[in-house]
Each structure stands twice: as structure tokens, then as C-alpha cells.
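In what follows, structures are represented as C-alpha cells.
In what follows, subunit A forms one complex with subunit B and a second complex with subunit C.
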Partner chain A sequence: MRPILMKGHERPLTFLKYNKDGDLLFSCAKDHTPTVWFADNGERLGTYRGHNGAVWCCDISRDSSRLITGSADQSAMLWDVKSGKQLFTFNFDSPARSVDFSVGEKMAVITTDPFMGLTSAIHIKDIAANPADQVAESKLVIKGPQGRINRAVWGPLNKTIISAGEDAVVRIWDAETGQLLLENDKEVGHKKPITSLAKSTDGSHFLTGSLDKSAKLWDIRSLTLIKTYVTERPVNAVAMSPLLNHVVLGGGQDASAVTTTDHRAGKFEAKFYDKILQEEIGGVKGHFGPINALAFNPDGRSFSSGGEDGYVRLHHFDPDYFKIPSI
Partner chain B sequence: MTIETTQKPRWGELDEEEDTDYNYLLPPKQTIGPDNNGIKKTIEYSFNDEGHKVKKTTTTRVRKLANARLSKKALERRGWSKFGDAVHEDVGARLTMVSTEEIVFERPRAPGTKAEDSSSSDPLAAKSGAVLMVCRTCGKKGDHWTSRCPYKDLAQPSETFVENPTADSAAPGAPGATKGAYVPPTRRDGGVRPTAGADMRRRNDENSVRVNNLSEDTREPDLMELFRPFGSVSRVYVAMDQKTGMSRGFGFVNFVRREDGERAIAKLNGYGYDNLILSVEWAAPRAN
Partner chain C sequence: MADVMSMDDIRSEAARLNIDLSSIDWDSVRVPPGQDFGIKSDDEDLNEEDSLEFDGGFGNVIIVDNLPVVAREKFEKLEGVVRKIYSQIGVIKENGLWMPVEEDTGKTRGYCFIEYNTPQEAELAKEKTNGYKLDRAHIFAVNMFDEIDKFMKVPDEWAPPEIKPYTPGENLQHWLTDEKGRDQFVIRAGSDTEVLWNDARQVKADPVYKRPFWTESFVQWSPLGTYLATVHRQGAAVWGGASTFNRLMRYAHPQVKLIDFSPGEKYLVTYSSHEPSNPRDTHRVVLNIFDVRTGKVMRDFKGSADEFAIGGTGGFTGVSWPVFRWGGGKEDKYFARMGKNVISVYETETFSLIDKKSIKVENVMDFCWSPTDPIFALFVPELGGGNQPARVSLFQIPGKEELRQKNLFSVSDCKMYWQSNGEYLAVKVDRYTKTKKSTYTGFELFRIKERDIPIEVFELDNKNDKVIAFAWEPKGHRFAVIHGDNPRPDVSFYSVKGGKVLKLTTLKQKQANALFWSPSGRFIILAGLKGFNGQLEFYNVDELETMATAEHFMATDIEWDPTGRYVATSVTSVHEMENGFNIWSFNGKLLYRILKDHFFQFLWRPRPPSFLSPEKEEEIAKNLKKYSKKYDVQDQDISVLLSEQDREKRKQLKDDWERWVNEWKKYHEEEKEARRALRDGEDSDVEEEYEAKEVEVEEELDVKEEVIPDA
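Up next, the complex of A and B:
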């Protein structure tokens, strides 16, 4: 396959997200300007100007009308996808790290980093249908985990929040009361900070990637460990194929050490694993820096990766890919 | 491809003026395809300067980069006008490019081979149990199998490719546990376990495949990549000219199993590699 290279960002990529229909690809980078691309040919549709810091995360509403972004400028913003206009700004006292719309987009969960004596927190906001009615107050603030919370997403039926972060523990919280419901078993859990978390399409399980060079698949309700994928690189990004039983892990050696070694030692490929057999089935090379973001098109026929090198690489699979035998 | 036809327009049919356009005399433009392979043929006719009719057939390959199935909503979004920085994009900016490099979905094993192949087919594993676990990539003992080597993406360490391994260097690790009992030479055949220099030497001559007509750019890792899909490779070597440091255009590949070597020969003899046609054969036994 010949990947499409998108060089719209001047700084390392941080996050990638497809919309529900899979025709738009949203990219976040440290260069303050989230960008939207057409997912088939990689043409740039527009940019969202307004943030004043690295943008860490974004989420897109199901009907592709609203975008929410979380940024290091201590704010999260709601945008009109079509025009690129800012609709609302949530201000925080510390950088916003992760954002996620609930099912139905009536709520959003936003995590903030530990900063200037503040601990990290998970904020739940009501999202108004009309941006004019939007209020800034948090509906619920959950505090507790030590260190940064790298990702928080909604559980089934918006009843729970799943969070993971630097303390290497996956937690499930009650989204109504803020109570801690479950913590993962320390024996089988990650040993180093969790960098990424991706839900399956049906929302029944999720995958976490960690700097301990592994990714783990968990049941979203019982938080039991289902599978572990062991790799040779610290994992920065994970994604699950919605079509086949494949998981993709991306990562690579720390960006600060890249120039000190041979480029092949960096292990900057996206590695594909069989979800069930936990076996490596392939790799896709190309980036010349660690992979920071991965996203699968909802149709499962293409995926994109964003690297520390500032490129988004959009891969449309060759027919051979779909012939890989599986059980 | 251009074919000149000698058929000129008859002078009687021509008008008095010289510059008249005779294009109406030409057959219409024809387009054939694109067929299943994406080959499209366009046939055009024109007059050249001397008034000869020229048939021009253009063959192009149409490549579909992506199958876009767009929903109604998505189709509408296609028509959205650009916003933000995308509005005044420089024409030369070329933010979106198709990679000039063909990226393959790299399979860790050759398609069709079994998962267990790399470890269970290894005669080492079957014969001597878990003691003798020597990684052929990084040379570590007892830590991991070659297929699990954390350094497998790196090039082969060059010391693996000594042409004539001396007795000392050829026996990288014969653990004490296996040394005690006497094993008759007849029994040693199947095992590639390096017990002594002489044994090692024989192994190097066994299942050795000679590759001729290599391009000068071919190095050992390239050969490794080429031959690895056929089975466990114990050694690859590309002959270098000692004075110039250039490749002499041939090399050797040793397989752990003879069948693998046979398959490799069957497959790669006559195979086009780096614009040259390889000739692959069993290496003649060393004369000494």
C-alpha cells in the first residue's frame, strides 16, 4: 500500500479520531491547531484556531456536528465542525488531557492534569443541545488517582467512567456519584504508566497501552483481564480493528533518545496483533519518530497513525490484508 | 507507441488552401477499458507535420487508491467549504502527498507457515531441551528464541558472517551439560548443535546454497530477508573483494534443514532480484 502523508502539523501528533461515518479524520498535535481531513484522500478540510497550547485529545459527536478538544492551555473547547467556529470554552486551573462525549452527547468527561499543587481530576460536564445554554460548571468532579490521568472514557450506558493514567491502574467510577467501583487486579495489571485506552466498537471491552511494553484487553464491566499483547517497544497508542480481530500497537523508544541509536532500533512501526491468539501478525513501517496516535477507520479498511515526526500517515489496506487467516 | 500509416489524404480531395484542417478525415478517438487490471487504452489519430496520419495508442494504468463508500451525510460533508488555515492554502504547500515508497504489511512469518514453525522445527529445541537456547540474531544464550529476539529488527551483527569460522569462534556455546556423554558421529548428523570445530565446519558446508549474480548492493541482511521465508537460516555470507570492499556478486546461504534449501532453490533460481536474475544452486563442497 502507498500511505497518504499529511503534513499539516508542525509539532508532534497527540491524538487521532475518525468520525462515525469514517469520512473525516480529526488530528490533534502539540501545535495548538486541531485539523480535520477527508479520510479518503487526505485533503485538508479545515483547522480549528483558538487554542493556545498543545492539544491533547478530541472527540467528535455522532452526527459529526460538534467537536470537543482538550488542551494544555487549561481549557477544553466545543467547536462547530463545519465552520471551525468556537462555540464554548471550559476553563480549568490545569491542563486538560482527555475528553470524551457520552453516548447521546448530553455529557462529556474531561480530565485535568496535576498542576501547581492541584491534583489530577475527572470532570463531568453537561453539554447543552444549544451552545447558548451551555454552562461551565462541572456536574461532578472526581479526584483520587495519583499522577496524570491520561485517558478517561464512558462505560456502557453512561453509567461508569473508566480512567487510566500514570499510576498504571485502570479504575471504574460511578458516573452519577463519583464513587470508585473497581480497580484492576495489581497482579495482572500494567507495571508502568498507561498511555492510551481505546474502546471496542461495541463497547464491551477496551484496550490499554502502557510504557511497560505491553497492551492489555479488559472487560469493560467486570474489569477482568482478557488478553495481554507483549511487544518490544513502549506503547504510546493502541487501536482495535472494527472489522477483524486485530489490534494495533504503536510506540517506540522515547523521543529524546531517538537520535542516539540506529533508526531501526527505535521500533517505530505500527504492530498488528491477532486479538485472540495474542500473536504478532504484521507491522507497518514509515514513521521516523515514535507513534503517538493511532485510529482505525470505522469501516476497518484503513487506519491512520500520527507520529512524533509531525506526520499523519493514512493507510488504505491492500486486499492481501483481509486474507490474513484468523480463527 | 506510434504507428505511421502511409495513407495520405488524396490530393484530389484536398482544398486549395494549405492550412485547412483535415481532422474530420480522422477516425474518432477510442477509449478501451479500464479492464480488471486497471489498464486503459486510448487510441488517437492525428496528422504530423508531413501530413502523415499518426495513430497514437496510450496505455495507462488506472489505480484506485481507496474505495470510498460515502453515506448521504458524508457526501454532503464532501461539499463543505474549507475553513481555518485550509482556506488560503498555498498551491505549492503540498500538505497531502501520496507516499513515493511502497509500504508493505510486513508479516513476521511467511504467509501460510504455522505459528509454531520457528520454534518447534528447530532441531535444537527438540534434541537438547531447554538448555540450549541460543539466539541467532543477538547471540544471547538461554534468554529467548531467535523468533522472540528483542533485537530482531536490527541488522545481523557482522560477526555472524565470518566466512571460515575458526574452531574457537565456531563453537559459540556448547553448554557443559551436553558435553558429558559420548555421542557417536552418526548420531550427531541431525543436530546442528555446535559441539566442536570440525562439526561446525561440516554444518557450514551442509545445506549450503550458492547464490550467483547478486547485485553489488546486496548485503547479508538482504539475503537473509530473501531466504528467511523458506526456513531457518543458520548462516548468510556475501563474498566481498578484500581489496576494494565491493561485493563479488555471489554469496552463500546455509539452511538448518535441507528441504528448506530445496524449496529456496526451486523458488529463487531465476528470480529477478535488484534488476539481476539470480542463479541459486547447491554449493559445491569445499575442496580441502
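Up next, the complex of A and C:
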């Protein structure tokens, strides 16, 4: 499996996302400019200029017409995917960390960081079909969790919001009222900050990765812990194959400590696990630095990883990969 | 007074009794013995006898007896003398010297009390001046004030001690009778200490006993594996038992830092070093030798750190551990320590110096006991700028005869390596080249068991090679050397059988910097720790072939199990990442790995030596097939069982997963309509199903008409 190296960012990658059709790959980095690539050959298609800070997260509408990005410049932006035009800017008083479109794209959930005395918050915005009708007001603001909320996504039928962050707790909120519905069982939950969260394609379960060197699979409705994947390094990014029962974990030693040891010491591999048996089945090496972002192509035949080293590595699986026996 | 008083009650009571609470020194309040005012102590130790150190109070007061009895006019002079003597040792408290006088005559009574600032000073004063000769008639008898109580309690008439009925103890070696012949190990990770079985056939570790905060610094097995020692602020303790770990004995030694068992685990040496009261002084060092079974102190040594700092070159000071080195094999008969120009050998019958004097050896640098016999080797460096050669000598105890001596010239350093049966002694000698700018290495091999102890001189093929590691094969006649100046050094194997040093082979360019022989010999691990990131090569020295190469990334420690069947490699928390351990088979197959954050220690439980005679062992080795048949069947059974279990487990996991998936499907179906509504009626039937369609597109790129001319 020879990866395609995509060098378009000057700073560490933060987030990767494929569109629904799996032909486009959107990448976010600390260099202010989200970029879109052809998911097949890694050719750069265009950039979205306008942010004035690190871009932490993005989401693409189902019809690949809209892009939403959240940035450290205390704003979230709506873009026209095709033309790269800014359609609307949501301004906040603190950096926007995570963004996610609801089913039907009539709403978006945006999280903001604790900043200058402000606590972290989850904002729910209405998204107008026509950008001209777009309003900046939040439909609902949820506050409560201590520390940064690293990721918030929609639950089934847009009825709930699932959030996870620095306090290591996964929470489910009512998306209508903002009430806290569920918190994960402390006994089995993560012990250190949760860095990433990925939903399954059908939205029935999700995977969280944490600095406690593990990833956990949860039921999205009951918040029951289903699986735990244990690794040797802090997990920064997680992804689930839509095709096979595989999960991928990426991460590594803290970026500030990597130069002090052998390059293998950081273990900057993307590790594949059997989703059901929780056993490690393989690894993909390559990045010089921790992996910050992982995404599976919706067809399950390729995946990409984004690293602290500023590269996106696009891997098309060898035919052998699909022959990995499963139970 | 059974009820507990509140502070308010105390204040009103004090007002009633006309006591000013603020003027009371609460520390001086002493509760009558046995009275607890209804407050139960939650410290079980308080009820036990060995807790004298908690009694405090008058711990900083000493009584000096046998002072001269003087008249009133000489009182001040005597006081001056006493003050002068005792203020040298520590700071006497203000009004801390009290010499009682006879009321009618004004004569002193021949004793005085001295109160120091700290109990340590008082202790030191007692130690230093007990037996001090002021003059012929007045030899000081110094006691701690706290001890008076103890002396008072001595009954006037002797009563025969009560004979306790004999209660049989547990079989402390029960673990050796494990049906599956497994070995135990102890690990320490985070605050937990845990003993486990190495169940290699089932490729897992089977827990035996776990206890959080079992020790305050480290744990250590006794050399024969009977006890597990833990170290605490108050002292050390040993644990053991048939099925679990009970505390068998405690050894009080405040602030103990290091412990060491004698090879036959009869005695335990504990060590602590204490801050001096005067910062200009060196640290005070306390060593106790306990009898492991009775917990009695057999001998204690106290002194300044300087007295125990040994083996130093060029102003190096510090205590090298173990201070006492045990000799004479497993019988624990002798122990020795090196001092300046002397080696002091003690014997354990009386715990005193043999012949009441130490062996004088000018400038001795290092010494080393034979692991089996009461013989030690010592090294004396060159003196007088090379006029007096360096020398290695062998001494026999208790006779103190020099068995053999070898003079060596232009030596920079020597290291001694005993073979585990005490048959051979290898001395690695670093010599200066003629220019004195660099050194090269040679070996002197002593064949101890042969007549007159012949010495073989031996050098590496390239004698300028730096020697990185040297190791004898346990119980064998071979040794391995890592040598070379390359980043990838060479490894050579030699045999000394029959008096000749014979090179077996040299392996070129290995990533190795440490050697780990299997305890049963024959197999060795060439390990590249630290800089080589945990490279492992499992090598068979009989066949001279590599069995396996592997890597345990970042490995810091390697330890063979006592039988030589398995090896543990571990990454301890010197690194932040990858903490945990791997268990390998002797031939380099990774059996299982366990990750633990903050992993500190991995120690196999040692086994006592086998009772089989060498002949019997040989016979077993010869007919191994016959003996191993039984185990083959067991192995087979277990592997069938394992694969069965594995299948079961997988099936279980799969079924569980299927259940989840079905539930999710059900929800998904139920919510289909609602989802469609959310999407403005967009059909969601195929929404999550991705289909790869192959579409053939034909495109006309160019059309050209050409006329083909007739032929």
C-alpha cells in the first residue's frame, strides 16, 4: 500500500472529512486555510480562504454544496463548496472547536472553548436553506461541562447532542431543551481527556479516543460501553471502517517530546483493530509526528491520515486488506 | 470521662480550674498508661511493643551517671566540664543541664540530666560518651531518659519464661509444589504491587495476590524465594505463606533505605543514612543485621558515611551497596566489608571479626567473594607511579591465607567476574598502552578448583577492542564478550574447558550491549538496551545459531525466570511510554504482553537450588523424552482447551455484536420515515448503503478519415 502524500498545509493537520459520495476530502489545519482534495488521486482542488486562525473542524452537507468550518479566530463559517465563497460567519467570543451538521442540514452544532473567563459551550444554530436568510442567533446554548469540549455531534433524528471533551466524560443532551440526559458510567469511562469522537455511518454507535491510551465504542442511544481498544500511546484520532469491522486509532507522544527520542518512540502509526474482538490487526506507519486526524472514505476502500508533520497521507487499501479474515 | 470533650467544654473546665490554656505545652501532657479517655486509637501499632519510637516526649533527654561527687564550691567547675563535653555533640537546650544536689550538704549526687534539642543529638551523645573516661574513677554511664522506664520494669526476681505451645507455621515453599510447575513473579505498577503466576501455556498471567501500597519504596524477593520483602518508613517487613502473602516478620529500622539478604536468606541487612544535625558533618549511617526468622538484631553498625564509603577512587565518596558482602556460599557463614586499607571479615556465629582483627591490605580497591566457597578475590591498584605493581589476590577464610597472587603492570582498572559455581574467576584488566594515552583489555583466568590455581592469560583477537560486556555461562565453562568500537559491536564466545581458552565463534556487527545467559546455560540473549531500543537476539551457544531475533521497543530490563524456560523483558517507568512487560519463551517466541502505566519493577520469584544430584540431573537430561512425554500430553490438552475457549469467546463476542447490530437495524428501520421527513422527503432507503457501480464511458476523442490506397 503506497500512500499518496498530500502536502498543502504548512502547519499540523487538525481534521479530515470525506463528503458523502467519497470523491472529495476536506482537510483542516492550523494554517487558517481548509483545503479540498480529490479523494482518489490526492490532487488539490481548492482552498477556502477567510479564516484568521487555526481551523479545528469542518463538516460537509450531504449534497456536497455547503461546508461549515470552526476556527480559533472565534468564528464558524459557512462556505459554498464549489466556488469557495464565504456565505456566512458566526462570530463567538471564544474559539470554535467542533462543528457538525444535523440530519437534513437544517441545524448545526458548534462548540466553543473556555476562553478569558468564559466557559465552554455548545451552540445550536439554525441553518437557512438560502444564505440570505441566515441569522446569527443561537437556537440553544448548552453550558456545563468543565474544560474544553473537543467534539459534539448530533444523535439519532437530531433529538440529542453527544459531547465529549477534556473532563473525560461523554454526555448526551436533549437537543430541544438543552437538558442533560445521560452521562457515561464513571467506572468504565475514559480516565483522561477525550480527544476525538467518530460516529458510525448509520449513526447507531460512536467511537471515542482519549489520552488515556484507549478508544471506546458506545451505543448512541443508551450510552452503553460496548468495546474498549487499548493501545500504547495517547489517542488523538479515531475512525471506523464503513465496510469492514475495523477501527483505526491514531495518535502518539506529545508533539513537544518527539524530538527527544527515536522516531519510533512516538509510535506514530495508525493502528487497525478488529472492531469485535478488540485485537490489534495491523498498523500503517509513515507520519513523522503524532497523527491528529483520521477519516475513512465512505466506500471503505481508502483512508487518510493527517499528522502533526503537516502532511495528509491518503492510503488506498491493497486487495489483501479485504482478505483479512473476520469472524 | 468516657465522653469526648468538645473544645468549649475544655475551655470552661480550664477556666474553672484557673488554668491559662495558652501557657500549656500540650506536648508535655502525658496520659496515664492504658487510659484512652474513650478515644479509640486507630493505629494498631500503638499497642505493639516495637513502637518505642512513637513514645517520644523525653527522647531528647539523657542521664549521665558516674559523675564525680563534688562540694558546693566546685559545682560550677564540674558543670562547666560537663557542659563542655556535651555541647560538642549537640545543642543543649537553655536550662537543659540539670545537676541535682543533696539538699543538706549541697554536694552533687553524681549524676545529671541533659536535654538536647533533638532526640538524634541525645542518641548520638549517648553513643559517643557512654563509657567516657573522665578520670580513672569516673567512667560515664549514659542512658536515655526514656529507657529508665524500661529498666524499672525489670522484675526483681527471675521468673521462668512461659513456654508457648508450638504452632506449626505455613509451608513457606508451597509455591514450589505447583502442579503445573509454574513460576511466580512480582510486579509493581502505580501504587499496586501484585504477585502473579506465569501461566505460559495458557499465555497469560494468573493473579495470586494484589495489594495497593504494599511497600513504600520497592520490593525484593529473598534469594531462595521464600520471602518477599517490603520497605517502609518504620523498617522492613517480609511476607510469605502457603496460599497467600501474610506478614511474617517486621524489622524496625526507621527510614530504612536499602535492604540486602544473605545468600542463604538467614540474615537481612538494612541500611539508612541520616541528615547530620550539623551540616558540616557527613551523613550518619546506620546498618542493622537481623535474623530473618526471629527478627532479632544480630549486630548493628553505626558511623559516619565516610567510614562506610569504600572502593572510591579520586575523592569519590558514597556508600556502595551492598556494604556487607556475604561469602561462603549459601551457609551464610561470613560477611565482609572493605574499609580504608583493610578488609573486615566477620563470621555469623558470634557476629564479630574473625581473629578480632581485619585483614590489612594497603590501598585495596575492590573485593569479590566466590559464590560458593569462602574465598575472595581482591584488587590493589598500582602504587608509587608504577614502582609497585597492581595485584590481584585470592584469600581463603577463615585461615586468611593468600592462595594465589598475580602482579599486573601498567594497569588502569580491573574488574572481577566469578563463574556461578566458583570454578573460574575472570579478571578483566585494562592496561595502558606504551604511550599511556589509551588502554587495551586483557583477561586473566583463574581456574580455582585446580591444583595451585593455574592462571591463563587471554586477549581478544583485536586487543584494542573495547569490552562492552562480559558474562560467564551459569554453571558452565563458556563465557561471552561484547567487544568492539563500532556502533555495532561484535560478540564472541569462548570456552575454557580443559585449561585452554578456545574461541567458539564471533558474531559480527550485532546491535547488542548487554548479555543475559539463561540460568541453565546454553542459551543467551544478546540485548541492545537503551541506545539500541530493545533489540533482542536469542542465541543457542551449543549449536552456535540464532534461534530468533525480536524487538521489545524501549526495553529497559531483561530477566530470565529461575528455570530458564521463559524470559521477561520490561519497560519500566524511566520512559513515559510503552510501560509494561513481555514474556517470551527461551527460544524467542513472544507469549504475551501486558501494558501497565507507571511500571516500576518486575522480579521473578527465585527458586532454591535443586535437590537432585548432578548425576541424576544428567540422567534426566539424557532420557528427557521419557520424562517429557507426560507434559506433551498436557500441552496438547491445554492447546485444545485454549482453542476451544478461544472459539467460544469469539462466538460469544460475535453473538453480542450481532445483537447490537440487529437492535440498531431495528431502530434504523423505525426511524426511516422520520429521517426522510428531516431530509425534506429525500428518499433515504439507500442512504447508508454505498454501492460502487462500474460505469463505462466511451468518449470519442478524435475522428479521422483515411483513405487506404489500393495495393
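The rule is simple: the second predicted complex is superposed on the first by the 327 of 327 C-alpha atoms of A that agree within 3 Å, B and C clash if a C-alpha of one lies under 4 Å from a C-alpha of the other, contacts with A are read in each partner's own complex, and residues count from 1 in each chain.
Rule of thumb we're sticking to: contacts are C-beta pairs under 8 Å (C-beta built on N, C-alpha and C of every residue); 3 or more make two chains touch, one makes a residue touch a chain.
Just so it is clear, the structure is predicted and the values come from calculations on it, not from any experiment.
Undergrad: Under the stated touch criterion, which partner chain does A:46 make contact with: subunit B (first), subunit C (second), both, or neither?
TA: In the superposition, A:46 contacts subunit B only.
Undergrad: With the two structures laid over each other on chain A, which partner does A:277 touch: subunit B (first), subunit C (second), both, or neither?
TA: It touches subunit B and subunit C both.
Undergrad: Which holds for A:232: it touches subunit B only (first), subunit C only (second), both, or neither?
TA: In the superposed model, A:232 contacts both subunit B and subunit C.
Undergrad: For A:136, decide between first (touching subunit B), second (touching subunit C), both and neither.
TA: In the superposed model, A:136 contacts neither subunit B nor subunit C.
Undergrad: Is A:204 touching the first partner subunit B, the second partner subunit C, both, or neither of them?
TA: second
Undergrad: For A:299, select first, second, both or neither according to whether it touches subunit B, subunit C, the two together, or no partner.
TA: Both: A:299 reaches subunit B and subunit C.
Undergrad: When the two structures are overlaid on chain A, which partner does A:316 contact: first (subunit B), second (subunit C), both, or neither?
TA: A:316 contacts subunit B only, not subunit C.
Undergrad: Once the two complexes are aligned on chain A, which partner has more residues of subunit A within touching range, subunit B or subunit C?
TA: Counting residues of subunit A touched by each partner, the higher count goes to B.
Undergrad: If we overlay the two complexes on their shared chain A, which of subunit B and subunit C does A:118 touch? Say first, second, both or neither.
TA: neither
Undergrad: For A:103, select first, second, both or neither according to whether it touches subunit B, subunit C, the two together, or no partner.
TA: A:103 contacts subunit C only, not subunit B.
Undergrad: Do subunit B and subunit C touch any of the same residues on subunit A, and if so, which?
TA: 22, 232, 262, 264-265, 267, 277, 299, 301.
Undergrad: What residues of subunit B sit close enough to touch subunit A in their complex?
TA: 65-71, 73-74, 77-78, 80, 82-87, 89, 94-108, 111, 115, 150-151, 153-155
Undergrad: Taking the complex as given, what residues does subunit A use to touch subunit C?
TA: 22, 62, 102-104, 106, 156-158, 201-202, 204-205, 213, 219, 221, 226, 230, 232-233, 242, 245, 253, 257, 262, 264-267, 275-277, 298-301, 327
Undergrad: Once bound in the complex, which stretches of subunit C touch subunit A?
TA: 533, 553-554, 575-578, 595, 597, 650-651, 653-654, 657, 660, 664, 667-668, 671, 674-675, 678-680, 688, 690, 692
Undergrad: Hey, which residues of subunit A end up touching subunit B in the complex?
TA: 1-8, 21-24, 33, 35, 37-38, 40-49, 63-64, 82-84, 232, 262, 264-265, 267, 269, 272, 277, 279-286, 299, 301-302, 313, 315-318, 320-321, 324
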